[in-house]
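We just call them A, B, C and D in the order they show up, numbering each chain from 1.
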């Protein structure tokens, strides 16, 4: 299939490589072109502008946040103007429910398809094609994208026909991840102040009721006190919790743990944690308990 | 080994049965004797009073809460008076850190051993000998109890020599379970108000990052809206969160999600939920969002 | 002075009347013209469009929220285009810190002055000229507005030269009012469930340490359970708490009670409280305690 | 009247002095006798043991917390044993609702009266006889105590016949004071990070809607960042919030701001604030916002 790919960060680079490996014809654009080099070597076509990546059947965007995506989509040189009738825009980044809803309307006006298909998985899963994809959109559009999803992920869940539902599921999943970080942080502050070893404690948890990747991955970071380099940096975490709370506000759903997570992330940033993994909010519970910060 | 077993509720009955199956000589006491019948049929000796169950090498208690345990332990006819020198009391219920600490001293004064060995697992795991046991106490005392632990559980974790550490680990584990209930409740209130099917949502979570028993078991209850009959009733849940917060207060560790859980459980009880499973606190997030209560 | 006044709701009508009474020449605009009638009878000049109210030395806006103000300010027929060089726009409504900051720049570009001067006081205080005014802006601009402030308020506080500071002080004041509502709601849920009379309780509070208007006014509403008609409706309350939290987020200041207030207001709206005074969030504490709703 | 007075701390010393000034015959006991000297000089009779202070019509206790009061009341040399039939014990300290309820029963069994009469006011108000007294108990017992209340306070509120109601009102009042500290702390963290002067901000608040002693007294401490010497130390604050939450738990009333206050006080103590006034929890909001601690 002829596919464009816009946004080649830690996640996007791996995803685009898997599309190439599956035999698709891939045109790539990234703001800083050096990141595209490994993909060009594997056969990708380099584009100078986002619009140039919009000449195929499908264009995938994997851009950091709402304002960046909006600036690339709209305007004279924007993706919407460049994309052909009947072509499909697949947004695989975590964007707001509100923008997902507006994009549905904008692409429909331009007789284009729009599918929201955010992913669960960190950069290593993107590289190995083992992402989980949560998709929503018109059924035929999703069917056309399936070969692409199969190349990038290990499983695709279709949650409905309104694209914003996929954005909402993804945001709520990030909320649940952050909740695990916060509650593990509180529990570890408690048991470690009593003298229990954090790694043994984590082993007990993950050997019993809590044997899921989210506890193993984040529990390990918290037990180690290792928050650099960030696989998912605190400002991105704050963005996602903010978008979750905004979606919840629009639906009039109070989420008290969500509010706490927002406060924790603000506090982490206020204290200089811009470059830390969002798992570092776990340290705040220890700090509130008068415990010195840990380091790797 | 000659073992006494005091407290044959949903959990204790299964545990005692597994001791019999492993060939131990078991003397049982329960406040209401009818519960002991199936065990007598399998060869257990029925005791009229707790003290009569204290004539072996080890006596195991599995009693509902601190005051009940204290009343059975102390006093003229109490367990401490009846238990021989060198014998061991193994408390496998979830009791307060404070009582666990006091029992350590009381048994030491009487030249008896004391091991705290609370368990993770619901009644079905107790029946099939697949509990997880978290033990703390003097190393030789724990070694002597190992054959018993092996008969009742699939794995035993030793977390230290001070018995109260095992109580603390168990309490913090229950705090983490309740946190999962609360946060799943918030997330499901959000996505289901947007129109997403709760069961599909749960499948996405448990197929990806959240594939642990705690999400499957409690997620199923929440998605179904099925909170009766209670496997772990709300008043017991409140008791355990209260004990967690008391231990945290003694150690001066603030636990904001713990505080929220306490408020949720109080609210559930204030609204008449005495007989519901503690997973029913998940309904409060839906109620706050103006959603009608679900039923099975 | 020649003054325009845009926005004649419960507050604005009283404020404009006091300007007339003080002898100023007042041109008024309101979206629904019938509200302007009493002012016309007292000598105000009726304008067909906002731009027509911008021909004097000063134009005052008292519009419900950010989007309405923006739509009236910008565009071809907007206030900024109509206002002369050297004239001053005084925004007396509670707007976001962010918009206040942008207006400062927009008016400066147009060689106009901009003063933020939000007020404390409910409609009766607006009618009797006893508002408290919190102003910020260039010192000379504030001096020129002083005769107007003196006509509308009993006292003016100048908090700095950057207009957004006045917006921030006002928002934080509303946050404090809402905090009083919430905490009185919790305290009254507690004592009234124990059998203490709410009115007597309030009298004890206001006779001792809590003898301030905020406790008397809101305490009375809460003790009575009287939330209609709304002097300040719940959706406006949510807007102000949202703007407070947005300003706090920009400054990276976590406000946990602010987060709780947001959750309470969302819950009130989710349960159908659109038309109630924001003091009705106090009922949610009683509801959480299993108490039936009170009514006047 | 013949009155005993037990407990002569910062508060009790002033209260006993006012009883002497009003002409009552006062027998005093304090654990450390040197504090009694100024009272002896004014005519008080010094007692060696609490029991010796129980020979009059009324004995007043003003002891720091529940355990101390219990130890002085019960036992062979205890107040209950020493107090005559028909005599009245007036507890003016802030004790738990639960203990207040138990004392009612214990004194009734001994044919003695029991009145709970906690006070609002800091040491200066105790010294000048301007306390506010909240009393509950049998009407005739309260009437007999009235001359004493009039000597110590500026006004007495009778809230019911069950003594524990007075304890509950007092605890809830302390909860409201702590709420003001917390919310002022959050608001000042916000506005002062934006560059607004804290003292001017406080003046705006107390000149407008917030003109009550609680805002003036605590607002001044917070604006100054002056928390030593403590007029009411953090551990006492934690005790009162704990007792409030315990009373609320018994009545099944969730109090989310109460939970936050408990967490704040725990955090303050965990960070070494044992000797600070409880107003120092206001610093935690500033700390969460990355602001350096202030000092006087």
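Criterion: contacts are C-beta pairs under 8 Å (C-beta built on N, C-alpha and C of every residue); 3 or more make two chains touch, one makes a residue touch a chain.
Bear in mind the structure is a predicted one, so any value in this text is a computation, not a measurement.
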For subunit C and subunit D, chains touching each: A, B
Which of B-D and A-D has more C-beta pairs touching across its chains: B-D
Interchain centroid distance [CA atoms averaged], subunit A/subunit D, Å: 53
Distance from subunit D to subunit B - Cα centre to Cα centre, in angstrom: 39
Multi-chain contact sites of subunit A, meaning residues that touch two or more partners: 248, 252-256, 260, 263, 266-267, 270, 288-290
Residue ranges of subunit D in contact with subunit A within the complex: 256, 263, 266-267, 270-272, 288-290
Contact footprint of subunit D on subunit C as seen in their complex: 120-121, 132, 134, 155, 157, 159-160, 162, 165, 168-169, 172-173, 175-177, 179, 182-184, 186-187, 189-191, 193-196, 200-201, 203-205, 207-215, 217, 244, 247-248, 251-258, 260, 285, 288-290
In the complex with subunit B, residue positions of subunit D that touch it: 242, 248-249, 252-256, 259-260, 262-264, 266-267, 269-270
